[in-house]
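Pasting the structures in now, so scroll down.
In the two assemblies presented below, chain A is common to both, partnered first by chain B and then by chain C.
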Partner chain A sequence: MTSEIPSSVTTPKTDDIAAQVTAANKLAVERMLAAEPVLVDVVNAQEAIPELAEGRKILHAGPPIDWSRMCGPMRGAIAGIAVFEGWAGSLADAENMAAAGEFEFHPNHHFNAVGPMTGMTTRSQPLMVVENRKFGNRAFCAINEGLGKVMRFGGNDESVLKRLAWLRDVAGPLMQQALRGSDGVDVKNVIARGLTMGDEMHQRNVACSGLLLRELSPHLARVSKDADQLAELLAFMGGNDQFFLNVGMATGKSIMDPVRDIPMSTIVTAMSRNGTDFGIRVSSLGDRWFTAAVEMPQGLYFPGFTEKDANPDMGDSTIVETIGLGGFAMGASPAVAGFVGAGAASDAGNYTRSMLDICFSENPEWSIPGLDYQGVPTGIDIRRVVDAGVAPVINTGIAHREPGIGQVGAGIVRAPMDCFTDALEAFALQLGI
Partner chain B sequence: MSLNDNKNGKTDPIARSGAAPLKPAASLLNVAPHIVNVGVPGFAEELASQGVSVVQLDWRPPAGGARLAKILSIVGT
Partner chain C sequence: MTSEIPSSVTTPKTDDIAAQVTAANKLAVERMLAAEPVLVDVVNAQEAIPELAEGRKILHAGPPIDWSRMCGPMRGAIAGIAVFEGWAGSLADAENMAAAGEFEFHPNHHFNAVGPMTGMTTRSQPLMVVENRKFGNRAFCAINEGLGKVMRFGGNDESVLKRLAWLRDVAGPLMQQALRGSDGVDVKNVIARGLTMGDEMHQRNVACSGLLLRELSPHLARVSKDADQLAELLAFMGGNDQFFLNVGMATGKSIMDPVRDIPMSTIVTAMSRNGTDFGIRVSSLGDRWFTAAVEMPQGLYFPGFTEKDANPDMGDSTIVETIGLGGFAMGASPAVAGFVGAGAASDAGNYTRSMLDICFSENPEWSIPGLDYQGVPTGIDIRRVVDAGVAPVINTGIAHREPGIGQVGAGIVRAPMDCFTDALEAFALQLGI
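Up next is the complex of A and B:
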């Protein structure tokens, strides 16, 4: 860390607690704004996270959860990834092994990683690496699988596993060579431009995906020795509007990890959900998760599906809201307001304005032209969430509640208020209030 | 529309008679009410069920209760 914690915030005095919290939160937001996230590499998961090399460890989205409480898509993904890793001969075997406790389950967040929806991370997957060059920390996220039937929505059939094998054997190594032959991709800059092009980086990533493809293409062409493989990868990236999402998520994780463990700070460092529980972490409250039952997204469904098919909210992707994007940047993306059923395009700015009420500051480098260059709301402050009674808004995909079917819609969901009131109570208890 | 006007925009008959102008409070008896219900929505729902026009304002006490309000008074917002 290049920033030092002012000594004044390490020894609280009861008469100026509020001033010390404000000072600590100012430091937290300064670290967020000083971050320099760069996409630098793609590496094998057990190289990125050595702990994955031993045993049968499966990292998942959200706060900790046991097999018995996991939702349908999460179970489907776990069964699929166990077959993919060669730990089980069939999906049925994998489920039996999971129920018998033969796999270790851990949150991605405990290993500097994040994953969308079910968020499967295991030893042999290629992980994208975003390095925060200001603070020297790295964050990891798997490569986005594309649309349709995919593991992040609980898909686990042969087509899903075949795509994962292609990502491992073809896409990952090519991206690795390309990135190692480059200076890396300045993600902060890509996001700044994406905001001016109608992306909010959660449910709309079409601009950033295109910008990323433009950055990577020359380097991919330079290292590829097989024109067909190169064409297949370029088509895969170019055909997936959400390709950038996973890069944005690793970026969010790389920005927020240096904000952890600042004494007296009430800034939220992670929001995440596993399909059963929603959890948040707060800077001064260590690694503790504050959880509550996750809510059901309200949104629009693809033809043939209704809310009866929907699974409760899921994924580590709320790390993008934690850094002021997604639902917080809805004002940049009137198109996404319609896609997620959030109302008229003219309503989009209201979501961003309401999130300013619960954040400590704004980000002048990530501004929204349509809101007179308003910076995105930055630094969710649990004090302000509780005081305003306004919960963070999240743009999200909606998974089918049964494993193996995939995405059935998109919508918005609120973080449960209990996470924030519980965290504030814990903060007060820590101070002896 | 002044406070002495009724809902059709016509001048109140008492005011028109040449008597002293009504005080604002007295006009409550002569004009259709404009109702805003703050907080608990049950009151608004009851009026709406009787065909009365009412605007519901979603409001709740700050901080969700005395304990949290006390914490916020110390840690600030």
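Up next is the complex of A and C:
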């Protein structure tokens, strides 16, 4: 069509820039598609991230934030993890210490890590390791705690800390031995199969969790020295439909990190929220976060809760939307549409189709049978988001706004458009336009 | 509409009969929906079916058939199982003995059992037990052998017999102990979940196989005394996407047996094929088989094979279509449409919709998200089949026509219409119409 436009409208300069951006975005998506994410290990956090060994560092979900602006469930999780790490004797002590500046807060994203919801990462937790074998980088995420009262939703009572101790002392070491005795788990393949089995890998991970158990259970059986511990871990993994979520998140991080810092690329490399701010990063714009107030999910609430109880959107889990899953793959998961209140199951494909409009490409290896093997939308382009006026759609869990309570529902939410317009302005400014 | 028809057309007698048939079919479907199938045990075949302890009895798939009319893969399996049971020293000996009448052949269906493809059931095999807790009856099926060269597709070499011995000596006993240490596996629930995960439970069982592994693996870990054996069994179950098929089949048998012998009911209680004949049974027509020549599947062949290599349709596995799964649930499984050559994935729902026309009802507990939670078609009514001229659709594996080779493809096939017209004639005759 451009050939029909008078040459006075498209100057050589903007033409040239458009071609450079297209080439840069093509490279970005090529790197995404070339990724070879493999779950290879579980390691202690301070081994994975040596900086955690010193001081009282707490990594959290989303862009940077200080204690004074943190939402309720994030504060609840901070207090709980400080007790878990032995830095505070009680939740109240921990809150006082936090207010007095005795903890250092950093985003997970600044340390090759991601975490769901509150996203607590501290020195003694076991972290799963996904290695992108194509580019040699590694990404980390804690082991999923299961449903109910859990720290990622702001839970911090005795039962929550006890489970974290079990993950550290039993589950983590067993998974470590099992993975080290295996060739690793090819996560790209697991996700491809999951998409044919109704998972979108954000609010529905039941298929991938089962596929992961299939791969890991023989290795776990070989390394276990204690039948009861083995049975307990198998039951924990098998009883947690969201077990795979954290693997998918580390996978997303491992795929997107090599896409950072491509000059001229307008592809989004991270989307993340801390419960107060939503932040995005863009390939050619370095490590800068473009933030806006995070939105409130529209969704369905568990019995006894309403939207008045809900905290705004939270977590690093939007890394899965960044790689074309979650809300972007809703068409693969008609069953999730009802769970997140996204309308009729048969309309789930419309979400996927609309996300194609804001993405540079699609992923032929991650395709959706029910949409006649449409590949998932891949490579969110800030130009397309702004041009189309369509913000990325996200499937998300909803936490109670008060600390210590936990999950109250699930829903869908949009990334705030201001993140994308601000980033596009910064991109233009950088080019001197 | 009947009120507008002149009374001369509908006589009191036929009106009355129609009402009785409707009431009988309502009862039949109520029994189907009330079933509570639970996988409770694995037992030695001669414990499950005491008649197998005496003589050289071989149970096979489909309606009754003698050696002279058996197809190639059925003969291959008979020869193999006779060697396995120690009745013959070689495959050649076994064939001579079969021709000389030294084995007794009976359908699985005559002994509360079912078997896929050739469906061999003999005295020393371990059989899975599904109990219908609502009605107290039990149904049996052997453990799935996996893919590749296997006895159900007519394979009979050393590797096939070795695997059967492992199932008898290792897998069966471990599964027995695990199930006896559990409350059993609620198969109705597993199938309900599988339908939301892309399984149709005939040619696609990957989700249900994983769900079953999730349920069984902790119990297996608790009872195992040998880590290598446990790892081997977990790897076998986890590496076999069709592992659940045989559980689903025993489930189908356990659901349909209490539906037999309801006076006036025109609901199909079994569909089955022996590779030569297709047979159906109808509730009010007792144990009689209505048979016709079995048809050739239309499908896709594995590399190196064509339809010239194919044996006609075979196996008791059509019990899953009898309960509304397999081809009837194609809409749940867009990914299977490509595998069986049934056209575009997005058209898979059309198969399910067309089967609603020949069924008495649908199953609200087994619903298909992608079809906005349409329940699977339930209760094949021979009157509707004949009236609509639409035969039940079946998703099936395809065996090589020669003994000893194995699976060559997968496809779809229709039940022969003659079975239904013959049964309807017999039904009319019984009523004196």
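Structural remarks
Just so it is clear, the second predicted complex is superposed on the first by the 418 of 433 C-alpha atoms of A that agree within 3 Å, B and C clash if a C-alpha of one lies under 4 Å from a C-alpha of the other, contacts with A are read in each partner's own complex, and residues count from 1 in each chain.
In this text, a contact is a pair of C-beta atoms (placed from the backbone, for glycine too) under 8 Å apart; a residue touches a chain by one contact, two chains touch by 3 or more.
None of the values given here were measured: they were computed from a predicted structure.
In the superposition on chain A, A:A18 makes contact with chain B only, not with chain C.
Once the two complexes are laid over each other on the shared chain, residue contacts for A:T196 go to chain C alone; chain B is not touched. In the superposed pair of complexes, A:L431 makes contact with chain B only, with no contact to chain C. In the superposed model, A:L371 makes contact with chain C only, not with chain B. In the superposition on chain A, contact of A:A231 is made with chain C only, not with chain B. Of the two partner chains, chain C is the only one touched by A:H219; chain B is not.
Overlap of the chain B and chain C interfaces on chain A comprises no residues. Residues 14, 17-19, 21-22, 266, 381, 383-384, 386-387, 389, 417, 421, 424-425, 427-428, 431, 433 of chain A are the ones that touch chain B when the two sit in their complex.
On chain C, the positions that touch chain A within their shared complex are 193, 196-199, 206-207, 210-211, 213-215, 217-219, 221-222, 224, 227-228, 230-232, 234-235, 237-239, 334-335, 337-338, 344-346, 369-373.
Chain contact summary for the complex, chain B toward chain A: residues 60, 62-64, 67-68, 70-72, 74-77.
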